[in-house]
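For reference, the structures are reproduced in the following blocks.
Note that chain A is present in both complexes that follow, paired respectively with chain B and with chain C.
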Partner chain A sequence: MSRIWTAFIFGIIVTLAMNALDMLYHVVTDTAVHLNYVAVKFTIIFATVFLIALVIGRGKTPGIVTSVLGPVAFYFYYSVASPTLDRSMFTIDEAVWYVVVHVIALAIAYLLAQSFVVKQKGGRLPFAILVSLAALPLYWGWLMALVKLGGGLDEDTTKVMTMGAAFLSLAILFVLIYGATWFCKKGHFPGFAAGLVFGIISVITGATVLDAFVRIFVIGIPYVLAHQLKGAA
Partner chain B sequence: MNKAVVSVITAFVAGIAGSILTFVPPQVIRSWGLDFGMHDDRVLIGVFALVICVVAVYKLLLILFGKPEKAFAAPARHAKKPKKRKR
Partner chain C sequence: MKAIIPILAILSLLLVACGQTAPVEEKSGETLGTADQVVTINSFKFSPAEVTVRTGQTVVWKNQDSASHTIAIDGTESPELFNGDTWSHTFDTAGTFDYLCGIHPSMKGTVVVE
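Up next is the complex of A and B:
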């Protein structure tokens, strides 16, 4: 696997997992999870993780630098860019304190990916945790995009997921992915099989066929990417 | 070109561009004729440039004072074993 591709996959997986932890923190503290800011946060954090993994490498020191640089760069964006959400109605993560929260979330995601999944330590559990964390923002983002595509306002996208629904979704994703790793240790098939089960569950609970089809990839894509990271030098 | 020189040039150019796009007020940027896209787009590109600047400085520090991480180094098993000296 080429160096650029490895850094790219690593950046995607770490950023998605970091976003999941951050989004969970948001719903716990009752602050808005807004589609535009999630997209910008993903872009900036991904650029940081990708560039450092590509130019410097991966390890303890690059991990610490990445964990600090990404959230600080993101804070600069927050401080300077024009607000796209009514701040009198919604609290978002623009306070200085949230830099620390983002640093902790990014450090956990980086540690999980680099020290456990890449180095193949800890067996199936860290892999399942990382993939379920990486799948959650994709699922959440898809739900927010559905609201937006349906003509909803920016404010409406913040109300897509409650705290209970977020943790329930994460638990379902984890059980499916952990089960898939039991089902078959090698290959990419288990990820898509878990996605198919997730899609069938969603159809049973009232989702459309298109929604169910997208959910196959919500689990399948992070599974495949994380699987390629296993043992990557 | 020397890697250190490339790092210095990258850090300098990206740092200047990033600082201008991120921190200079939109009215001033407009008066300079650099007002492409929306304000938020310029800020995002500026932040990218600042990240590139920091990474270039980090690379420069590693070149000057330290060793890069061995994440992408060749596996040890491919390395040739040193020959034993005969006495």
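Up next is the complex of A and C:
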């Protein structure tokens, strides 16, 4: 596996997991999660993780640099992005304190990916936790996108997840992913199998076929990417 | 009840398919041999920067740095080495082999094979 590809998927997985932790923090503290805001944050954090993994490498020192630099870069963007942000809506991260929250979230995601999945410490459990966290923003983003596609406003998208729904979704994702690794240890296939079960559950509970189809990839894609990171060097 | 049958059939197929997947990808790299010379990597430096071995002997690189590194030498490149990882290369021909870290090209070293 080339170093560029490894850094790329490492960046995707770490950024998704970081965003999951951040989104959970938002719903726990009853602050809204906007689709545009998440997209911008994802882009900036991903660029930081990817470029540092590629140019400096991975490990303790690059992890610390990444965890600090990414949120600081995002904060600078956030502070000067008035022309592209509706300031009546996007007021959440104006406090410097949120940089600390993002640093902690990114450090946890980086540590989980690098120390437990890449270096394969701890077996299936940290792997399932990382993939569940990585799948959550995809699932959450998909639900928000459905609202937007249906003609909803930005404010409507913030209502797709409550704190209870977010943690319940994470728990379901974790059970499916951990179960898949338990029953079928090899290859990438278990991720899509877990995704299919997720899709079937959603159809039974009233989702459309398209919605169910997308959910296969909500779990399948992060599972496959994280699986490639196992022992990746 | 009828709707459950195709779901169970799909799940059964998935379980069967699980047994037919490709083996888990293993970390690539050369097999570790007996070290005739050991080069440690620390603070973005190879130490010692130059080692001398005889033909057929093996050099082992051990990463003790807090960042990952690679060894690009003799037309090959090691996998990304993290803290605690080692990689070895056996030299079958005499000569002077300059190498560097593929991530940090400013890190350079030399292996002299007699």
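The working rule: the second predicted complex is superposed on the first by the 224 of 233 C-alpha atoms of A that agree within 3 Å, B and C clash if a C-alpha of one lies under 4 Å from a C-alpha of the other, contacts with A are read in each partner's own complex, and residues count from 1 in each chain.
As a working rule, contacts are C-beta pairs under 8 Å (C-beta built on N, C-alpha and C of every residue); 3 or more make two chains touch, one makes a residue touch a chain.
Just so it is clear, the model here is predicted, and its values are computed rather than measured.
Engineer: One more residue to check, A:3. First (chain B), second (chain C), both or neither?
Structural biologist: both
Engineer: For A:189 in the superposed arrangement: first (chain B), second (chain C), both or neither?
Structural biologist: Second partner only.
Engineer: A:228 contacts which: chain B (first), chain C (second), both, neither?
Structural biologist: second
Engineer: Quick check on the superposed pair: does A:40 touch chain B, chain C, both, or neither? Answer first, second, both or neither.
Structural biologist: The first partner, chain B, only.
Engineer: Considering only touches as defined above, state whether A:76 meets chain B (first), chain C (second), both or neither.
Structural biologist: In the superposition, A:76 touches chain B alone.
Engineer: Check the residue A:51 against both partner chains and state whether it touches chain B (first), chain C (second), both, or neither.
Structural biologist: So A:51 only meets chain B here.
Engineer: Please work out whether A:61 is in contact with chain B alone, chain C alone, both, or neither, and reply first, second, both or neither.
Structural biologist: In the superposition, A:61 touches chain B and chain C alike.
Engineer: Touching chain B in one complex and chain C in the other: list those residues of chain A.
Structural biologist: 3, 6, 55-59, 61-62, 233.
Engineer: Could you please specify the touching residues of chain C with respect to chain A in the complex?
Structural biologist: Where chain C meets chain A, its residues are 7, 10-11, 14-15, 17-19, 21-29, 65-70, 79-83, 85, 102-104.
Engineer: Per the contact definition, I'd like the list of chain B residues that touch chain A in the complex.
Structural biologist: By the definition above, chain B touches chain A via 22-23, 39-40, 43-44, 46-48, 50-52, 54-56, 58-59, 62, 68-75.
Engineer: Spell out the part of chain A that touches chain B in their complex, as residue ranges.
Structural biologist: For chain A paired with chain B, touching residues are 3, 6, 40, 43-44, 47-48, 51-53, 55-59, 61-62, 65, 69, 73-74, 76-77, 80-82, 84, 233.
Engineer: Across the complex, what residues on chain A touch chain C?
Structural biologist: 1, 3, 6, 54-62, 114, 118-119, 183-190, 193, 196-197, 200, 228, 230-233
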